[in-house]
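Two complexes, one shared chain (chain A), two partners (chain B, chain C).
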Partner chain A sequence: MVFLFNIFYQFGDSLAFLLLAAIGLAVIFGMMKIINLAHGEFITVGAYGTVVSGKVFNLPLPIAMAFGVIVTIIFGLILEKYIIRYLYGRPLDSVVATWGISLIVSQSFLVIFGPSYEGLQTPMGNFRLGEFSYSEYRIFLIFFALFILFLLYYLFMKTSFGTLARATIENPAISSSMGVDVKNVYSVTFAIGAGLAGVTGALYAPTMTIVPSIGQAFIVSAFITVVTAGASPFVGLVPAAAFLGTVQTSVTFFYKSTFGLIAILCAVILIIRYLPNGFSGLILKKSK
Partner chain B sequence: MKADYKKNKLQIITFVILGTLPLFIDSYYLDNFSYFMCWTFISLGLAVIWGMGGILSFGQTAFFGLAGYGFSVISINFLGVAGVSLWSVILALTLTGIFGLIVGYFLFYGGIYDVFVGIVTLAMTLVLETFMQQTAGPEYTIGNARLNGFNGMQGMPIIGFEKIPFGLVEGVTQYYFILILSILILISLYKFKSSKMGLIFLASKEDRERVSSLGHNVQKIQLIGFTIASVLAGISGILYTNWGSYITPDSMGLVSAALPVVYVAASGKKDFFSVFIGCIFFVWLSQTLAINGKQFAIIVMGLILVIATRFFPDGIILMLKNKLIEKVKWLQS
Partner chain C sequence: MASILETRSVTKKFGGFTAVDNVSLSVEPGEIRFIIGPNGAGKSTFFKLVIGIHSPNTGTILYKGQNIEKLKLHERINLGMGVKFQAPSVFSELTVLQNLSLANNRKDSLKVNDLLNDFSLEKEKNNLAGDLSHGKKQWLDIALSTISKPDLVFLDEPTAGLSLDETKLTGEIVKNLNKQGITFVVVGHDMDFVKQTASKVSLLHLGKMFIEGSVDQVLSDKGVNDIYLGLS
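On to the complex of A and B.
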């Protein structure tokens, strides 16, 4: 029983990490076809926003987190306005430019805040089962990740903004001629993606040591999850994260954690090769 | 031939200047210059695959590291065997080429296109780096060569002939070796670009399906381009390892993978000569900036990358080169 719960806990932790890492990237890639290599740095901004405001102004954790998210949204909006906007329709250039942004941001954080920053305490308590102790916060993260995914699904599928956004992505020219403010829709979608990255950074800020390269821990997982999920993120994200989580947990369980990472990287290379549209392609094809 | 000479005045002048450089600067700066030129090959490779074929690959760094490690492992294992410091280079390059061929086959015949090539090659690079990082233990030994994890490998012989008292690739000979190699490679790349195959490769960037419906085997040509790029990256990797007698897994990391992309994007990915000159310039720039701390150099490199893609999508050095040719009438005819 304890053994089973242990596996569930490890798996859930890995699932929540992959989902939260990927969610903002999935919105920007899935809706706008922009490969945002600066996604990890958005997460860094969220994490630093939370920790710095929590330490300097002694804010309670939820408010510090909200502050971190707002800072990330503003950061995302500025980038969109001055750089990303000019790169729509030039996918390779957007990859390169966002990579440049990621280098600038991560190294600037290194210059400003030094090689590491004192973290916050993990909130909530621990509970024991048998001889093991588990963090309640990590269990909370699993459910929170699923909750955010549900919110997003609602936003893009059920609200009028979602309809406008999907129409714009489908055909910007026609949407524009129907009176949709295309530029605005792009900005808002990008801001949502950035904000979600900020949420991820804020949520994980109290659980890890805050270093300027914190985004790199997320970016690789984020990319492989989004690529495995395929073109339609809402359908594919959960099965993709579940699949990769299973691979990672089992390899880490039987071997070492570096091999867990290597295993999922290899799994992704195979998935792109044999399922170029990812899990969502597989699911949508079956349901047709 | 005469027409070639007239068209390429700028190139010829540049190489004459580079050829007489050892007369004017002392050996410390000359060694430094050799280091800058080590990086031109990996960048030229990226210019082939990205500038000509429109395929953005982050795998160049993986091939760079693979060739460097391959050369180290082979040459350390056969230390003392006749001619090892020459044939280990050729063997390491062949291995890199075969690896490039396999990866490329997997990519292009597997129907992976556009940005997905970038993601798969990035994943591949990170797999190699993650693996090499954790090989510090004694169980990771190939023959006599310990891989040494993040500490890196050293102790490989200098490329050259044993009979000659000094290595072929050391000091001034190293400089001329790299210079002549880069001239030969530049000429062959221009030949490749104007060959039938090169033209098909260029066309495949504009419209892959149209080119293949005209009866050309696009996948084969993309595979050839990718393999050429991987071997060029391998040349850089071996020369780099030889230059410092040193290679670490960091040379395959995320930041290292970004650098060739910066050099090529900022120089002008469509023109080999601009990439060659730009690469030397930007490696020099990042080295100079790194004196005040590596992070400042990387920030400036990132800024250059963003500014170049946002405002000069054709590349800064290429633009300057065209301006120069426009202004100086004598260079035109």
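On to the complex of A and C.
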């Protein structure tokens, strides 16, 4: 029983991390096709927004988290208006620009806040099962990750705004000919992606050491999960994260975490080789 | 009657090439106006000028008396215009119904079921638009441009790639929508479609307005025959 729960806990922790790392990027890269190398810095902004507001204004954690998310949305909107807007349809240029943004942001945090910032205490508490101790907050993150993914799926697949956003990104010219202000739709969609990255930063802020490179811990996981999810990220994200989480947990359980990371990268290479449209391609093909 | 669309001495140059040269045109409400001309006449450029994809170098474009040169495409659409581009422009990853519901942004819109029936799309309403035949994509595209019941609709080559029967049905649909109060400006050179549908024709040649009038007046003009035969 304890053994099984331990496996579930490790798997769930890995699943939540992969999902939360990927949700913002699923919108900005998966939907909008912007190769956003500054995704990690969006997470960093969310984390710092949460921790700094929590410390400086002594805000309760949920309010501090909301503050961190709002700051990230504003940061995303400003970037979109002045830089990203000119890079739609220019994926290679977006790589260079977002890489530059990533460097500027992380170095700015280093200059302003120093090499590390005092973190917040992890909320909730721990419970014991057998000889192991487990964080209740980590369990909460598993369910919250699934809940927020469900919200994201509902927003983009079931609401009229989601249909409009997907349609506009598929063909801006047709949307414009229907009277849609394409720039606004792109801005709002990008802000949602940025806000989701901010949610990730806010949620993990109490669990990690707050350093300017905190977002770098997420960026590789984010990209491999979105790429493995495939062309329709909201359909493929859960199976992709579940598969990668299983691989990582299994290998880490029997060997070391380093081998878990190597295994996950090998798994992604195999997925790209044999499922070029990712998990969503497989699911949508079977549902036809 | 006041014009619904008016262009005054509109000129568009690309470098040293004048694609549209001092073109003035006035379309009255209720017309089905065709802009015709051989390849290179400037029809497509003129189309792009009036819908806002290009800006004129000189001249004025008025919609219901309002100057619209500075307005973007979506702003012109929101004034009460509709546009159908030459290539069928539908959201291929959405169903026919989802396409129509996205374009349906006015309270007094045409009824979706009526449009589905008129355009023979009833059976395919839940299919992805990308899976439709070319002809049905063209019809869906016309339906998208007219569902909001705009006052003025621009159609660019609406019968391109259609069979004779499909072309004839398209003409009937356009005339039916015209009876419901929609004014059309159609760019094309399918003469059967022009004869079936047009209430007035304007012919562009080398970027200039060559002749305007009824279908019979324009097509019986010797200069027009020379243009189409490449003699002028």
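One rule holds for everything that comes next: the second predicted complex is superposed on the first by the 288 of 288 C-alpha atoms of A that agree within 3 Å, B and C clash if a C-alpha of one lies under 4 Å from a C-alpha of the other, contacts with A are read in each partner's own complex, and residues count from 1 in each chain.
Simple rule for what comes next: a residue touches a chain if its C-beta (ideal position, glycine included) is under 8 Å from a C-beta of that chain, and two chains touch if they have at least 3 such contacts.
Since the structure is predicted, the reported quantities are computational estimates derived from the model, not experimental observations.
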item: Superposed partners chain B and chain C on chain A - clash or fit; value: fit
item: Touching partner for A:Ser116 - first (chain B), second (chain C), both, neither; value: neither
item: Which superposed partner A:Ile83 touches (first chain B, second chain C, both, neither); value: first
item: Which superposed partner A:Cys266 touches (first chain B, second chain C, both, neither); value: first
item: A:Ile174 touches, of chain B and chain C: first, second, both or neither?; value: second
item: Partner contacting more residues of chain A (chain B vs chain C); value: B
item: Which of chain B and chain C A:Thr163 touches, first, second, both or neither; value: second
item: Touched partner set for A:Ser102, first chain B, second chain C, both or neither; value: first
item: Touching partner for A:Val182 - first (chain B), second (chain C), both, neither; value: second
item: Superposed arrangement, angle subtended at the Cα centre of chain A by chain B and chain C, nearest 10 degrees; value: 90
item: Which of chain B and chain C A:Ser133 touches, first, second, both or neither; value: neither
item: Least Cα gap, in Å, left between chain B and chain C after the two complexes are fitted on chain A; value: 21
item: Common interface residues of chain A - those touching chain B in one complex and chain C in the other; value: none
item: Chain A partner contacts - residues on chain B that touch it in the complex; value: 50, 54, 56, 106, 110-112, 114-116, 118-120, 122-124, 126-127, 130-131, 133-134, 254-255, 258, 261-262, 265, 293, 295-296, 298-299, 301-306, 309-310, 313
item: Chain A residues touching chain C - in the complex, by the definition given at the top; value: 160, 163-164, 166-167, 170-171, 173-182
item: Contact set on chain A toward chain B in their complex; value: 35, 83, 86-87, 90-93, 95-97, 99-104, 107-108, 110-111, 216, 220, 223-224, 227, 256, 258, 261-262, 265-266, 268-269, 272-273, 276
item: Touching residues (chain side chain C, partner chain A) in the complex; value: 51, 72-74, 77-78, 82-85, 89-94, 98, 101-103, 105, 144-145, 148
